[in-house]
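You will see chain A twice below: alongside chain B first, and alongside chain C after that.
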Partner chain A sequence: MSAVAGTTAVRPRLKLRLPRVPGALWWGAGIVGFFVLVALLAPVIAPYDPIAQDTANALLPPGPGHWLGTDNFGRDVLSRLIWGTRIDLMMGVFGVLFPFIVGTAIGCVSGYFGGWVDVVVMRIVDIVIAFPFLVLMLAIIAILGPGLGSFFIAMALVGWVSYARLVRAQVLVLKASDFVTAARSLGYGHLRIMARHILPNAMVSSIVFSMSDVVLTMLLGASISYLGLGVQPPTAEWGVMVAESQNFIIRAWWIAAFPGVALAVIALGFSLLGDGLGEWLGVKE
Partner chain B sequence: MTAPLLEVRDLSVALSRAGEVTTIVDRVSFALEAGQVMGLVGESGSGKSVTCRALIGLLPGTLSIAGGSVLLKGRDLTALEPEALRRMRGREIGMIFQNPSSHLDPVMRIGDQIAEGIRLHRGASRREARSAAVDLLRQVGIPDPEQRAGGYPHEFSGGMRQRAMIATALACDPEVLIADEPTTALDVTVQAQILRLLLDLRDRRGLAIILITHDLGVVAQSCDRIAVMYGGTLCEAGAKRAVLAAPRHPYTARLIACQPSQGDGGHLLPFIPGQPPALADLPSGCRFHPRCDRTFDRCTAARPEPSWPEPGHMAACHRALGDAA
Partner chain C sequence: MHRFRFVLTRPLQLIPVLFGISVITFVLIRSIPGDPARVLLGTKATPDAIARIRAQFGLDEPLWTQYGLFLQNLAHGEMGRSILYKVPVLRLIAERIEPTLLLVFGAVLLSLLIAVPFAAIAARRRGRLADHAIRIVSTTGLGLPPFWLGIMLIILFSVTLGLFPVAGYGDDWADRLHHLVLPWLTIALALSAVLTRTLRAAMIAELRSDQATAARARGLPEGMVFWRHVVPNAIVPTINLLAVNIGWLIGGTVIIENVFSIPGMGQLLVRGIFTRDYMVVQGVAMAFAVASVTVNFLADILTVAIDPRVKL
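Coming up: the complex of A and B.
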């Protein structure tokens, strides 16, 4: 009898412990994980030096020796693609992380305290949003000078507004919620309530949003590099690769195609990750 | 005679909205000794929750204390600075709420929620707080507390959540516990368990408890004293036995008559006709007179002042001292 009771007690727990994670989350995590692995192992798996020129073998089509062909300087496209993963992932992740941190902090304070702080912050947000995003980015980068550092600074200055709005909206709801009242009835201070009780609850939807934002940021980073204001040649970066290849696109389609495909696939990966995470954590867009 | 642990004197709370000021709690007074349970009874909107929110200084933005004092061990809480009031909250007066599901942080482990108060108010180390939290879970009757401390609120049943919330309030070691309809959201069987737990904690810790409820059955089971509110005023207060056995205010009498009792199945329960008064548009004189069946001319003209038909038994009714009036 006790053995039977034992098995019935274990069964449902096993079911519960295997979380019902949506398939999108697995696929997204798989794709993103693959690219992260590629980025980490770049020195090991890249067959050639990504910036070593070999003009004798320029514009070779994909084939043995150069699986994805070579570009106009004879650089191996596969190696450049692999090394470029590092730069592009970094742009996506840090280009989101800085605005995420800045926006979350500002949005939380703004929503929690309200009053004139909130009014001032939200008007600044309106002003930033009123400008076309890319124009503002390009203007800031033009002032700071092209480069990856400028890109991150510009992202932090412009991108925080969406996070600030998102978090503020959540905080407004949460600060009136019952458990925050309960926390106040226990004599907790504002900082403790904000950091330990409101933020962990408020961040769920902005974390989900940040996943899809990574996609946009990577595309933005590639576009800005394409326009010559981001990563500078000869560094291997997908946007740079596409930009450099455009004069040869008719003769050598492979130079532009593979970075493009890589960007599309990683974008799909992050989108799936974001959607799956949202579904799993119960966030409605 | 020593001063009571908690004494509320003529406490008034006002609502200010769009320049208009409405008094929603009007000169409420009561006192509570350590180890006593006072039932605060009244219909929805009678001001019982607002009164208690005022006690711990947690009134929503539009409400404010308009007068009176709250003396805790002789110290007036209404005169405290916000920061001092915050430090008092939880440590001296704790509060538990009607809906335990929404009053626990959904993304924090139960054990951590309890330990947080212990660390803040008693300055305990992480490890001490952790074991104290497990100990509190055991005290409030949660089985297998070591394991349950690592669980999240959604993994707890309603009754268990209420026990966990009581543990978070006790973590700060308060002397007065305000229980705002702690059993309303629970099954009848669980209700009795929670009430027993509260009484048990009262006995062990000498806790004074204010039990807000609209269920006179709960009061009859668990309270030492009873205070009845109607339309933002206290209409009757006194020892539970005296009030329930011989109510002096017609509202209390009608409330008691509306309670179902065993063995009278098949009969419709009596009810009090009419609606509780809108606080913005109070009737003249006694606030209960439009629904009262014992009115006479003075009821519409003058508000009854508190009178004491017997020592410790207050009733705010013109007839409280006898029908001869």
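Coming up: the complex of A and C.
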């Protein structure tokens, strides 16, 4: 009987008696949703072409016509900010998605099978973690050459370790649980047990973690672009905008100021989303 | 002294990690497309120099022999020469280490000076206005891009108020400290956001602990209970948090050195990438990795020294 009870317990796992949705989750979802909308509607809502130069109107302060002013090439800061939302959101989301997939797969296999596979994987994790994240990213980008593609590859090569660790720890606990024993006694294969029974439960905490990871990844992408090693000018990206503004800070504060504000607000959105989601699903940090 | 036995055994466990660091750097540099000798020496290398580096790094030998030679060179403190600066990489790093160390230590100190009082206020007034305000500010602080924060501080304190230099590094000590104030503040503001959150949680847990109750039962005033019994215990998780964040801190230093044009290791690394000075990139990356491993080891020793209950 216990085996049957165990398997039925698998299905309603997400129908857990969830507490009231915390306010942080609503606020976070609202902020993030707003930026997603801005990114999607960029061609419609941006008043100007983000890379069209208009030197006659260079370095105009915020005012009617150009709400957030113009930069040294006369490009509209607001339009660049709106188009930049696409790139920065993409860096955050895909920069987390690839490591998430790679790390989850590796962590799951490592924890489930154990033995020498686990030993080898965990040693590799230790070594990658020993490197300061940005330094290893920069070293990889040094080889691949600057660019958005290099950023994503470097993220996948370096970022998977945190997910592998998180998922492995969960899998170690789950594989000893009754419902997995039940699934095994029903004669299910390893793949089915991992994919259908263990992973859905093991992924909750890494999904919550991925929200705060999006913040870090977006900041990282913008930082690397600021250093000149990520997204390349004239593409409108917030880090690039700040880097280009630096020679003009004495005369034009607005070029530098607004991209950072946008980053901070969207980061706050994802932080709230992560915190709220964690509270809601009962995941401890 | 039984508890400190790990001080002797832990370095043995670190050997595989250090080994792995050398493997990763070796593989990274060797995966650059093209003739390794030309990659390492640049396009203007003389045939003579190419022949020399071929012999020194065994570039005609199989890969594992090359790795052996790489380790052997490393053991002799030989990390190659910079193409751009024409000096050994090790010497370059030694010249650049001071600003970086000053930047990191100053920033950590300053961030503790910011975080401890704020965490204390938030923990002691939990759920009240001050607590909420501090939580909102620290959550926002987590998302502030350090490079942008640095530029905002330059606009405010250097351009508008004229209090500090815009960028660079001074000649004498007083001048250097003057140049470092804004870089310190930039990193410290970002770091204290993380620290405040953890410290607050640790302090709240300690406020409810048995030993805090016991101290209250002995009739100690709440202020004394807090500063003598709660804070020292909340410091231990903070040390670990700082150690865990050393990688982030090094990354932050790399960025901030570039924002403020500070001639440290981070600037050396980024310039090395732009100039394809791969020996420099390799050397600095390895130095940073070893530094972060060392810091974690030192943090373990410190934790055991401070907290008699901890066993490693």
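As a convention for this text, the second predicted complex is superposed on the first by the 266 of 285 C-alpha atoms of A that agree within 3 Å, B and C clash if a C-alpha of one lies under 4 Å from a C-alpha of the other, contacts with A are read in each partner's own complex, and residues count from 1 in each chain.
As a working rule, a residue touches a chain if its C-beta (ideal position, glycine included) is under 8 Å from a C-beta of that chain, and two chains touch if they have at least 3 such contacts.
This structure is a prediction, so every number in the text was calculated from the model and none was measured.
K.L.:
Quick check on the superposition: with chain A as the shared anchor, is it clash or fit for chain B versus chain C?
P.N.:
fit
K.L.:
For A:A58, decide between first (touching chain B), second (touching chain C), both and neither.
P.N.:
In the superposed model, A:A58 contacts neither chain B nor chain C.
K.L.:
Have a look at where A:G239 lands relative to chain B and chain C in the superposition and call it first, second, both or neither.
P.N.:
After superposition on chain A, A:G239 lies in contact with chain C alone.
K.L.:
Which partner does A:V93 contact after superposing on A: first (chain B), second (chain C), both, neither?
P.N.:
Neither partner.
K.L.:
Just to be sure I read the superposition right, which of the two partners does A:A29 touch: chain B = first, chain C = second, or both, or neither?
P.N.:
The answer is neither, since A:A29 touches no partner chain.
K.L.:
Could you look at A:L186 and tell me whether it touches chain B, chain C, both or neither (first, second, both, neither)?
P.N.:
In the superposition, A:L186 touches chain B alone.
K.L.:
Look at A:D178 in the shared chain and tell me whether it touches chain B only, chain C only, both, or neither; answer first, second, both or neither.
P.N.:
Only chain B; A:D178 stays clear of chain C.
K.L.:
Per the contact definition in the header, classify A:A105: touching chain B only (first), chain C only (second), both, or neither.
P.N.:
neither
K.L.:
In the superposed model, does chain B or chain C contact more residues of chain A?
P.N.:
For chain A, the partner with the higher number of touched residues is C.
K.L.:
In the superposed model, how near does chain B get to chain C, counting Cα atoms only, in Å?
P.N.:
Between chain B and chain C, the minimum C-alpha distance equals 23 Å.
K.L.:
So in the complex, which bits of chain C are touching chain A?
P.N.:
Residues 16-17, 20-21, 23-25, 28-29, 31-32, 139-140, 142-149, 151-152, 154-155, 159, 246-248, 250-251, 254-255, 258-259, 269-270, 272-274, 276, 278, 281-282, 284-285, 288-289, 292-293 of chain C touch chain A in their complex.
K.L.:
Which residues of chain B touch chain A once you look at their complex with the stated criterion?
P.N.:
56, 58, 86-91, 94-95, 97, 99, 102-108, 116-117, 120-121, 165, 168-169, 171-172
K.L.:
Contact residues on chain A for chain C in the complex?
P.N.:
Contacts found on chain A: 123-124, 126-136, 138-143, 215, 219, 222-223, 226-229, 239, 242-243, 245-246, 249-250, 253, 256-257, 259-260, 263-268, 270-272, 275.
K.L.:
Which positions of chain A touch chain B when the two form their complex?
P.N.:
177-179, 181-189, 192, 196-197, 200-201
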